[in-house]
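Two complexes are shown next, each including chain A; its partner changes from chain B in the first to chain C in the second.
Entry: the complex of A and B
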C-alpha cells in the first residue's frame, strides 16, 4: 500500500471544512471519508478501515474530546490529529493523547504536513 | 513545606485481585483484606497519607470492590469536605474503555478527567497493597529539590526475593539509571552483596510528565503498566529519582503480604513486636475502623503472647501466640495456638485451633479440630503452606 491509498476520516460538524479537506486530501491522492458528528465518525470507525482521523473538538452532542477517548480505547495506535479552531483545548489533559494538534486556519499546509508525516511513519511500521 | 498546602492529588491503586491470597480475597479485593485481626490492609497507606497531609485522595477500585467501598465510607469519611478535602472511592467506570483497567497506568489514564478537574502540580500514586508507615513529606521534599519528573520510593531486598518486583539501579545522587520489571537476574547494589533496589509502587509525578507519559503509552499496544512500560520509557529523557525508603523516618518496616504465608508471617510479626512497636506509633497512628464496643471480657483465660479486641467474650480457655479480633466469642476449654481469629467469629467449647486463619464471621461448633491433622483436614479446608484458612462466613 502506498501512502496515497491511505484512508483519512474527517470528523467535523462544519460542512465547509469537511468539503475543503475532502478536496485537498483527495487531490493529494488520499481516500477521504467524512462524518458530520462524532457519533457518525465512531460508527464509520466500527465498519471501515481508517489510517488517520482528523477530529474537530467543538461539535454538538458528543465533542471531539469524548470521541478521542473512545477512539483510543477501541483502536489503540490509530493516529488522531485534533483540528480545532481553538488552541486552548491544548491545556486539556485529555487532548494530550492525540497524535498531533493543529489549530484551524485558512492555510492547510500544517495540517497536510502533519498528516503526511504521520501516514509515512505508519507505513514504515 | 506541608503537603496539605501543596497542590497535590493522590491516587491509591486498590484494584488488586490478590489471587495468591485466596480465599481471603474470595469476597473482597486485596486492600480490603483484614490485617492484625483488626485493620484492613489499605488502612496503612491511607493512614500514612492522612498523617503526611495528603487530603485529596481518590481510591481506584475495580474487582469485588463493595467491601472496600463500604470500609472507606464507614471508616474514612471524616475529612473536611468544606475545605475541599476528601477520600473518595472511584469504581472502574469504564468511562473511556469498555475494558477493565488493563494495567496500573491504564487505571490512571482512564481517570484523566479527575486530573483535569483538579489540575494539581504533582500527583502521588500509591499502592493499597502493602503494610508500612511513611512520611511522604520526606519523599516530596526530595522530589522538589531534585526537580524530578518522577520520584519513586525504593527498598532494599535480598536478591532471592527481588525478582518478584521491579529492580532498579541508582546513581549515588538518586538518579535511576535502569529499571527492569521482574527480572530473572536482578542487578545488585554495588558493594552491598546480594541485595537489590526494588520499586515499592509509590510514585510522585510532576503532573505534566505523568500526563505526557500516559498519553504516549495509551496510543501504544502495551501492558499499560508503570513498572513494565512507563518507568523504563521515562529513563531515556526524563529525570527519574529514587527515594531510599530504608533511610527514611519509618523505613524499618515494609511488607508485601501477597501470599497466605507472607500474610500469616506479617500478622505474627505484628504480634511479636510486644509493644516495641515499629508499626503503630503514638505520633503516627493507624486508623482502624470498628464500632464502639465494651472492653473484652475474659472469664479465666490462660493467655500467652496474644491480643484480644474489644467486645470479645472469652470463656475459660487457653490462647497462645494468637491475634483475636473484635466481637469474638470463644467457648470453655478451647485451645487456640498460632492463629489469627478475625472479628465477629464464634468458636464453641472444647475446640483445638492451630496455625489457622479464621476470616470474618467464621462459626465453629463444639469439639472441633482445626490445624491438627492436615492430611484429613485438607478434604474439608483450604490449606496453604501448612496454614488452614477458613474464609468469611465459613461454618464448621
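Entry: the complex of A and C
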C-alpha cells in the first residue's frame, strides 16, 4: 500500500481544525476522513478502513479518552495520535496507549512528521 | 522587800507590771465611761488622767466616725464570749491627729459590764501598707494600660517601694534592706535588690537632710531615689552577690526559709559560730542583722534582710515585730508583681501566636487566591491555544503559497510570526501556573495494597476467593506516586482475580530486599502457557472477553518509569506469580 493513499481520520469538534488538517494532509496526498464527534468517528471506523486516527480530547459528549479506549478494544493495532490544546493529559496514563501525543499549534510540522513516521512504519509491516 | 506569799501580793505584783504587758489599755464602766487607763495610754493620747477619767470612750473616736456614740455597743454585738480581738479602727489624739490602731475588747459581763480595751498603734505599718498598696495599684493600672511594655522596670520600682518602707525614717527605720527571692528554676536563693546608704558619709548626708525637716515617707523615698545613682550600684552588687543553693540545708538563710521563722543574727544568736553565719556578717559587714522569711500561702518565697549598718543601733523587739508584720504585706506585693509578670509573658506569647496565625492565614488566602487565579489563567490559555492554532495553521498555509514578491507576503508573514510568539507566551504561562497538586514520589506499599483489596472486596466475595496479605515488618516507602502504585497493583490483582475459578487463593507478599521493595502477587488460576508468556506484555494482548489488553502494558510502563522490575512466573494449572520490585525512598533524599 502506498503511503500516499493512506487514510487518515480526523476526529475533532472544531470545524476549522478539521478543515485545516483536511487541506494540509490532502495536499500531502493522504485521504482524509472527518468526524465532528467521537461517536461519529467510531461509526466511520466500523464501516471504513482507516490507517491513522488524529483524535481531539476535549469534545462534547464522548471525549477523546473514552473514544481511545473504544478504538483500542475494537480496532487492535490502529495507530492514534492525540491532538489536544491541553498538554496535561499526557500525565493521564489512559492516554499512554495512544501512539503519539501532539499539542495543538499553528505550526503543524510536528503533527505531520509524527503522522508520516507512523504511516511509514505501518507500511513496513 | 517582804517575800511574796499571799494571793493579794501576787495580784498586786501582776497589776504593777500590767502596763508593760498591755501597754495602751483603757478600762470602761457599764456606761462606756473611762474609769482607768495606763501610762502608755496617757502618753499616746496626750490627755492627763484628770482630764480623761469620767469621759465617755467615744470622745477618743474621730468626730466623723460612724455611730460614734454607740461604737462600743456595736463592738459588743460583734464579740464572741465577750471578746473582740484585733479590730482595726482609728482613734484621735489630743492635737486632733488620727491614729490607726488595733483594738481588743473584753467585756466583763458578770462585773457590771465593765470593759477592758487595749490598743496597738499601727499607724506606721498602716501607712506603709497603704503606700505599698498604692504603688501596687499604680502598677496594676499601668500594667493594664501598657501591657505591651516590659515589666522589669516596674518590678524594680515595686521592690524599691518595699525596701524603702523597711528603711525609711517614718517606716521601720532600718538603715539597709536586702531582698532575696527563691528561683525555683535554678533551685537557688538569689539576692535581687537592696537599698540603703552605701557608706557612713552617704548616710550622714541623708540623715543631715532629714534632720532639717521632719521626714515624711515620700521625702525619704525621694532622697533614696536621688542617691540611687551613687549608692545603688554598690549595694545592689553586694546584694546580688548573695546566692545560696536550696540544697544546702545547713546554710543559715536556707534554714530560715525552711523553718519559716525570723532569725536575729548577733553575738548572742544560737547560730553564732556557724560558717554561713560568719560569712553573712562578713558579706554585709555588720555585727547584727535580722533575716525575715517571706511566706506566701505556706511556702517560703524569699527573705528580707535588714540591718543598722550605719547607725549601729541595736535591733529592738519593736523593730522585729514591725518587720515581721510588714513581711506579710511585702510578700503579697512581691508575689502579685511576679504573677503580673508571668501574666505579661503569657499575654505576649498569646499575642505572638495570634500574629503568627494571622500571618499564615493571610499567606494561605494569598496562596488560595493565587491557585484560583492560576487555574483561571490555565483554563484561558488552553481556550486560547485552540483558536490560536487555527489562525496560525491557516496563516502558514496561505504563507506557503505566497511568493516573496507578493504584496501579501509580508503581512501574512507577520501574522505567522505573531501567532508563533503568542503561542510561546501561552506555553510560558502554562508552564508557570501552579499545578493543582504536586504529588510526592513517596508511597507506603502496605497501605496501597490494602486500599486495592478493600475496593475489590465485593468481587473477591462474589468469587469466594481467599486473600492472604503478608507484609514483612515495617516497609520503607517506595519512590512512586501513590496513584501510580495503585494502578499497578490494581491491574495485577484484577488480572489474578479474573484468572481464578471459585474458591481460589490470592497471595500478596511484600518485603524489603536491599534498597527495593518486592511485591509478589500470586494466584491459583490456570497459569499462562509458555508459548504465550512472551506476548502478555505486548499491547492489545488479552484473553478476556472485554479486555483492552492494556492493563499489563500500563503496569510495565509504570514499573519501568520508576526504575523498577516486573517479572512473571507461571506454572500451568498451578497459577501465575507477578513480581514487582521498586526502589525505596532514599533516607537522605527524604531529609
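Definition applied: the second predicted complex is superposed on the first by the 125 of 125 C-alpha atoms of A that agree within 3 Å, B and C clash if a C-alpha of one lies under 4 Å from a C-alpha of the other, contacts with A are read in each partner's own complex, and residues count from 1 in each chain.
Criterion: a residue touches a chain if its C-beta (ideal position, glycine included) is under 8 Å from a C-beta of that chain, and two chains touch if they have at least 3 such contacts.
Quick caveat, the model's predicted, so the values are computed rather than measured.
*Asks:* Based on the superposition on chain A, does the combination of chain B and chain C result in a clash or a fit?
*Replies:* clash
*Asks:* Give the label of whichever partner, chain B or chain C, reaches more residues of chain A.
*Replies:* Touching more of chain A: C.
*Asks:* According to the stated criteria, A:110 is in contact with first (chain B), second (chain C), both, or neither; which is it?
*Replies:* Neither partner.
*Asks:* Taking the superposition on A as described, I'd like to know which of chain B and chain C A:63 touches: first, second, both or neither.
*Replies:* neither
*Asks:* Could you tell me if A:23 is touching chain B, chain C, both of them or neither one (first, second, both, neither)?
*Replies:* Once the two structures are laid over each other on A, A:23 reaches chain C alone.
*Asks:* Looking at A:77, would you say it contacts chain B, chain C, both, or neither? Reply first, second, both or neither.
*Replies:* both
*Asks:* Between chain B (first) and chain C (second), which, if any, makes contact with A:92: first, second, both or neither?
*Replies:* After superposition on chain A, A:92 lies in contact with chain B alone.
*Asks:* So, does A:14 touch the first partner chain B, the second partner chain C, both, or neither?
*Replies:* A:14 contacts chain C only, not chain B.
*Asks:* Which one hits chain C, of these parts of chain B: 222-230, 294-302 or 366-374?
*Replies:* Residues of chain B that run into chain C: 222-230.
*Asks:* Starting from the residues of chain A touching chain B, keep only those that also touch chain C in the other complex, and list them.
*Replies:* 69, 72-73, 76-77, 93, 96-97
*Asks:* How about chain A: which of its residues touch chain C in the complex?
*Replies:* By the definition above, chain A touches chain C via 14, 16-17, 20, 23-24, 69, 72-73, 76-77, 85-87, 93, 96-97, 103-108.
*Asks:* Can you list the chain A residues touching chain B in their complex?
*Replies:* By the definition above, chain A touches chain B via 69-70, 72-74, 76-77, 79, 92-94, 96-99.
*Asks:* Under the touch definition given earlier, write down the residues of chain B that touch chain A in their complex.
*Replies:* Going through chain B, the ones touching chain A are 95-99, 109, 112-113, 115-116, 211-212, 214-215, 218-221.
*Asks:* Would you mind writing out the residues of chain C in touch with chain A in their complex?
*Replies:* Counting only chain C, the residues touching chain A are 382-383, 385-397, 416, 419-420, 423, 430, 484, 487, 539-540, 546-550, 553-554, 557-558.
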